[in-house]
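The following blocks contain the structures, represented as structure tokens.
Below are two complexes that have chain A in common, paired first with chain B and then with chain C.
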Partner chain A sequence: MADAWTVFFYNVESPAAIDYNMASVLNRSGTEVLKIRRVSVYTTRTNSTAGSMEYYELRRYTSADVFTYSQDTQVVSLANDPKSAAPSAAIYASGYASNLRGTYELLRNVVIFNERITLDTYVAGNPMLPVQSEVPLSVVWDAGYRDANVQPLTLRASEMITLWKAAVGGDGPGLTVCFEFTKE
Partner chain B sequence: MASVEAWIVYSRNVLPDVDGKNMCAVLNRSTSYILKVWRAGFSLANQYAAAGNECTTELRKYVGASLVDYSGIVPISYDMYNQAPAEVIYGYAGTVGGTYGTLRRVSRSCRRPDLQNYSWTHLDMIVSLCTIFDAGYEDDEVQPLTLGFEEMACLWNANTITGLRTDFWMEFTKE
Partner chain C sequence: MAQTWTAYYAGVVFAAGKNMAGILNADAAEILRIRRVGLLNAQTAAVVGVVCQLELRRYTGATLPGGTAITPVSHDTTNVAPATATYSYNSVPAGVSSVLRRVFWSSDEAAVAAGSIDEIETFVPLNIIWDAGYGDANVQALALREDESIIVYNTTGAVGLLDTWIEFTKE
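Right, the complex of A and B next:
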């Protein structure tokens, strides 16, 4: 059993502009290998009622690097076991696209309705918000989870996974993105 | 059990404009290894227009398969150290040959979702609900779909009307 962590980006503001790194995990270690087990996207915002329909891409970058963190928001990883030794050179950040380098491959396209949930939205307003707030339905990537036959997505040196805002969809604050990964 | 090298073939923004069109295919032309298709599905992430149609998609397995004049897709390896199977064709469109059996035939919404007007389209936004094949996934007692020499897995458009662009994908390993 490998040591595992969760990286939780809560209430990431989604700007009106496209090309925005909503949440990412970058492995800068030449010796440690990070394996992405699951990626989930929630709508848990509580800060306003207006929202928008937004398009996101799950991307894996190679030769990735971040050359400035001045505009980025960084979070820390949470170990499932506090005795786990944290990855030595990983960065968990959301921030502007201009800060990223590398080339990417597209793993998945997803549509997210980013709006505040209210008790009656299922019938009156945005009907998908309650659905997208359900944890089991929010998983957008889980290759190899519960199945050891299938290799999980692996991040080696200078590789990064990111949830990328890919199309104009309005200005919707409050998405939550969750990465689960292991280190080997 | 140790995990086996894995890839995803992600066929992006394919237009279901022809009744009988290959939307995403993996054709094994190797006699030395087999491919195992673990999961297949689609992703409704259409950004182009609000109008759309009800579409029909089949998952087919071909034997004695051929695929020519297709648009190629580069498979994405789950680990950069993987050696992609070279004697494999990954592509959409083109001319398909061979004999097929149908594993799934599903109706799906092919319309851009909108913020209101709850409909079938909205359920097709959920990744886990758009995975249409996963035989053997999470269960070692069940064999996954296996592709030997000149066998092909194909997501096939069977619409009689034009739908809107959709992503199709398959996840596979090599042994």
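Right, the complex of A and C next:
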């Protein structure tokens, strides 16, 4: 069993502008391999809003370590076992929209219904929000989960997975992104 | 663990009688195994959608000329790509076809204040249309041997865009 971590980006602010890194995992180690097991995206917005559609892309970047981090927000990973030795050179961050480098491949288009959840409003207002906020339904990537024949997405040196704001849509706080990964 | 790829066909325009996403294996030695096939509604522009009817087909004695090629994403950048596979949409599938699934699909865009099938089509877990053998080693995954193809074929409906993803391994 490989050591596993969860990286939780909670209530990330979605900007009005496009080309923005909402949440990412970057492996800068030449010896460690990180394997992305699952990615979930959902809304945790609590403030009042008119609601809007948001559009993102789940991307893998290669040669990604030339990003700079002057404007980013970094979070820490949570080890599933506190005794696990953390990845030596990984960065978990959102931001640095102006420093896009490297080449990317599209893994998924991700559509988000952005409005706050309120009591008793499954039908009125925004009926998809309660559905979207169900954890099992928020999974957008899980290649190889529970199937040892299928490779999970692998991050080698200078490779990064990111949820990228790629199209004009709504903005504001409340996007939550969760990466589950292992280290080998 | 077999080397794995995801072929992602983003924003393909619906048309009647159109191959929306296809993979042809033309290699005599390699076997491609289709692990999962999923559809997504990720279009951003407002359209007046229609009900489309899709078929997931496997062709034997297959060819797949023309169309627009895409490059699948290798799950590990050290993987060695299949030797003679073709990945394309709007190409012309030929051969002997068998239907694996028939799927009805609304081609309208998802809207924030709605709760119809258009919105349900944006959820990845709810729109996997093929996963035989996934997580169960007793069940064969769909195999593509030499000159066999898998095609997501739209029989009717000509409005809107479709995303398709096909996850496959090589042996």
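The definition used in the following text is that the second predicted complex is superposed on the first by the 179 of 184 C-alpha atoms of A that agree within 3 Å, B and C clash if a C-alpha of one lies under 4 Å from a C-alpha of the other, contacts with A are read in each partner's own complex, and residues count from 1 in each chain.
The rule is simple: a residue touches a chain if its C-beta (ideal position, glycine included) is under 8 Å from a C-beta of that chain, and two chains touch if they have at least 3 such contacts.
All figures in this text were calculated on a predicted structure; none of them were measured in a lab.
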Is this a clash or a fit when chain B and chain C both end up on chain A? clash
Partner chain(s) touched by A:Leu78 [first = chain B, second = chain C, both, neither]: neither
Contacts for A:Asn109 in the overlay, against chain B (first) and chain C (second): which applies, first, second, both or neither? both
Between chain B (first) and chain C (second), which does A:Ala167 come into contact with in this model arrangement: first, second, both, or neither? both
After the superposition on A, what does A:Ala89 contact: first (chain B), second (chain C), both or neither? neither
Give one of first, second, both or neither to describe whether A:Ala17 is in contact with chain B, with chain C, with both, or with none. neither
Which positions of chain A sit in both the chain B and the chain C interface? 51-53, 55, 60, 62, 105-111, 113, 115, 122-123, 125-128, 131-132, 136-137, 139-141, 143-144, 146-154, 156, 159, 167
What does chain A use to touch chain C in their complex? 51-53, 55, 60, 62, 105-111, 113-115, 122-123, 125-128, 131-132, 136-137, 139-141, 143-144, 146-154, 156, 159, 167-170
Which bits of chain A are touching chain B when the two form their complex? 51-53, 55, 60, 62, 105-111, 113, 115, 122-123, 125-128, 131-132, 136-137, 139-141, 143-144, 146-154, 156, 159, 167
Chain B residues within the chain A interface of the complex: 1-6, 8, 10, 12, 36, 38, 43-45, 47, 74, 76, 78-82, 113-118, 122-123, 125-129, 136-138, 140, 144, 167, 169, 171, 173
Residues of chain C touching chain A in their complex? 1-4, 6, 8, 10-11, 33, 35, 40-42, 44, 71, 73, 75-79, 110-115, 119-120, 122-126, 134-135, 137, 141, 163, 165, 167, 169
